[in-house]
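Residue numbering begins at 1 within each chain, and the chains themselves are lettered A, B and C in the order written.
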Amino acid sequence: MKVAATDSAVNISPVPDTWQRRHLLGLEALSKEDILTLLHTAVELKAATGGCKDKLSILSGKTVANMFFENSTRTRNSFSLAARRLGADTVEFSASSSSLSKGETLIDTAKTIEAMNVDAMVVRHSTPGSPHLLSQNVGCSILNAGDGPHEHPTQGMLDIMTIYEQRGSLEGLTVAMVGDITYSRTARSNIWGLKKLGAHVIVCGPSTLVSKAWEEFGVEVSHSLDDIIPRCDVLNLLRIQFERQYTRPFPSVREYAFLYGMNKRRMEQAKDDILIMAPGPINRGVEITPDVADGPHSVILHQVTNGIAVRMAALYLTTTANQREG
Amino acid sequence: MKVAATDSAVNISPVPDTWQRRHLLGLEALSKEDILTLLHTAVELKAATGGCKDKLSILSGKTVANMFFENSTRTRNSFSLAARRLGADTVEFSASSSSLSKGETLIDTAKTIEAMNVDAMVVRHSTPGSPHLLSQNVGCSILNAGDGPHEHPTQGMLDIMTIYEQRGSLEGLTVAMVGDITYSRTARSNIWGLKKLGAHVIVCGPSTLVSKAWEEFGVEVSHSLDDIIPRCDVLNLLRIQFERQYTRPFPSVREYAFLYGMNKRRMEQAKDDILIMAPGPINRGVEITPDVADGPHSVILHQVTNGIAVRMAALYLTTTANQREG
Amino acid sequence: MKVAATDSAVNISPVPDTWQRRHLLGLEALSKEDILTLLHTAVELKAATGGCKDKLSILSGKTVANMFFENSTRTRNSFSLAARRLGADTVEFSASSSSLSKGETLIDTAKTIEAMNVDAMVVRHSTPGSPHLLSQNVGCSILNAGDGPHEHPTQGMLDIMTIYEQRGSLEGLTVAMVGDITYSRTARSNIWGLKKLGAHVIVCGPSTLVSKAWEEFGVEVSHSLDDIIPRCDVLNLLRIQFERQYTRPFPSVREYAFLYGMNKRRMEQAKDDILIMAPGPINRGVEITPDVADGPHSVILHQVTNGIAVRMAALYLTTTANQREG
């Protein structure tokens, strides 16, 4: 059987002593060393699974609960596949049919699931800090899959891994995040991670979505994509999250596309080896034109594959650290 | 591999000849001997799986269908984990997306699923007797996961198992079920099971939720929690099921909490070794205060773990009996 | 373990060189030889799995994504069980919670899922041609699980397989499809497949649901069930799809049942060995009476079991052909 064969042929490095984290709540709290451990483990697991494809059994006997209190298919399935490709079982919880609608507290919901002997919970919730709250109240590992506009650490890591794969290092690169920064957990997690690995980060967008206050995060703030393009090694084009906006941050989608959309004309101003990234789902014709999304500089689909690598690494590291302490 | 290692090291007792049941429809119909078989098998399977955690393969090659026509995550996932920890495959059906909405009868839905070679169906339905109807029309095993206000046998058994683990026997214990008895399938299943094992059962709550007619079930009826507390070995605090009530059974939630909520003051009147149980999800501050729910007498989370044990036992016993007869 | 035992005992025929199809989009495009390959592979896999019950590992290490953008439990679970009985992993996507609701294109959704290293996508979509569009844009195998009123090839194949099991050949048989032909992808797939295997096909129903234009498909058109019954070897009673009809195609359900429902009286006019089929879910008392649905001529539940056989065959053939070319 392929499963067994793959497995016995593979030696995954043990979790280093420096990794002490039982949870992955955000990249803000991680040291540079922790981030590198996550990164190198993801790279190793991607290779060991033939590109996130084959199965290992290093999490065999473990159970991972997907607890998504906001809609998701992409991240949910990415975590689910990551867990199963390491041999873990998965259980799925959703907001609509859960006991929360019967008045149960979030902590009680989590404790109940923990009592079913779950080893890790993957949590997405609209309230910032929800995964942190749970991590203080349960014994299993908590992985933040997005807490409101706060953090989305595996998305940050998969973006970083994709740049690392292409360039070998983040040190000294200029990475611009373009678009809806205010509401973006992806932007926050990227900023924390990129800066710790030595990249220069620019956040760019209309002043209604990118305030000057972002300079306090140690990043450069720009309101003109055309101004910054020639300096960028990486452009990460965030989706306009129409579903998160309560007032209109710009006159029209057309104007946004005109001012901040990446297109053929702007590609001509860019470095020859610029990387085009987007966390997806993408709005074609808004933040990115089809020729750029599907062009040779786009690594958008690499990001998707690396999402599984990063999530395998996060599940492996946190549950192993958890077992060590317990 | 852990899975194989666990498996070969474990010897599960064969199903006793006295167990002839291909279905688990309710505790009313079970003999004392049947209930003890379920109980002892659950205890054995819990131990054999390291506390409902490791995997066995005694149901390998079998498929269990979860058919929940009412919302559920807790019971659904508990059954699903129970099935998979015994090595079975699971398939999920739900009311909203099922063919029932296209005019198919419940029996035809079940026969169709059976034709996909399912070995057991776990059925939750708002209509009392639905699992019984199906058991007369399909060849596979039917497990009742709650039929309206009628029975919820695995919930009754997990409550009983939790008491048994703490006390070694149910004989002579006084167990009070407090709250919304009228609409409670949990209360009904508990009453049948507890009485067969020799416990004295009290049902307690406002007269709008606990009528004198319950005396016909051979239980004591009380309308005052304060009166009965000193005599109780176990208090099972049922959730007020706001979603099942069509008229208001009490003036206000606050008054209910004042009269029937378990709190610190009432704990002082209780026996030193009282067990506090709740089927969950709990409404903190209504039927139970946080200090009691999280206190040393609470076995609420043990109930959750034992839910998996009891469901493993039920799946093992019914499908094995089914095979023996077929 | 049963899984391993079954597996090593079984030799599945290699995919013949004549089968070059990486996708299963419809029966219209298949040659007679292709259809026979699908049919014989389904028969072989059914036998090798003890009647679509045991597990093989011929798709071990592969992942199948279920992408149902229309509600389904029957077909979705049938594909899911087929995939898992061949040893594949499955992931589930649904319309409501998917990124499509965030403005993503269908192609981008599919490419994203493909980047998670999926080997086959099972697609149901209300727009005819959606699976064809995807097959031109992704590298993995696409299996059409119903595209609007266009085709539903595995349904066509399972109907054909059920007749083949009973009669040994389709050559020269007269098969009538009765009912809602206009909106029926099942009818279209059946017609293509049946005619290629040499059957004579009649479509029968009220003129509002069965127009004379169907004669262009090379089938006989009838508006009277009573007229054609004596000549039929097989009756396939399509469900009236109330959810797909925008204007009323007949005066009343009662009148439809009177004119086109199969019942005891009409069975007396039929051949002694007539086969009664229905793709389900059935509306008892409309297109079929209970005594006929549950009677000795009914092979409705065989159709369900054969659905798994046909889907195992389709997954095996397409993904193997895909690997061969890649």
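Odds and ends about this structure:
Keep this in mind: contacts are C-beta pairs under 8 Å (C-beta built on N, C-alpha and C of every residue); 3 or more make two chains touch, one makes a residue touch a chain.
Bear in mind the structure is a predicted one, so any value in this text is a computation, not a measurement.
Interface note: subunit A and subunit C, two copies of one sequence, contact each other through mostly non-matching residue numbers (shared numbers fall below half of all numbers used). A rotation of 120 degrees, rounded to the nearest 5, superposes the Cα atoms of subunit B on subunit C. Distance between subunit A and subunit C, defined via averaged C-alpha coordinates, is recorded as 39 Å. In subunit C, no position touches at least two other chains.
Considering their complex, residues 1-3, 6, 51-55, 71-74, 77-78, 80-81, 84, 239, 242-243, 280-284, 301-302, 304-305, 307-308 of subunit B touch subunit A.
Considering their complex, residues 4, 7, 57, 60-61, 63, 89, 91-94, 96-99, 101-105, 108-109, 111-117 of subunit C touch subunit A.
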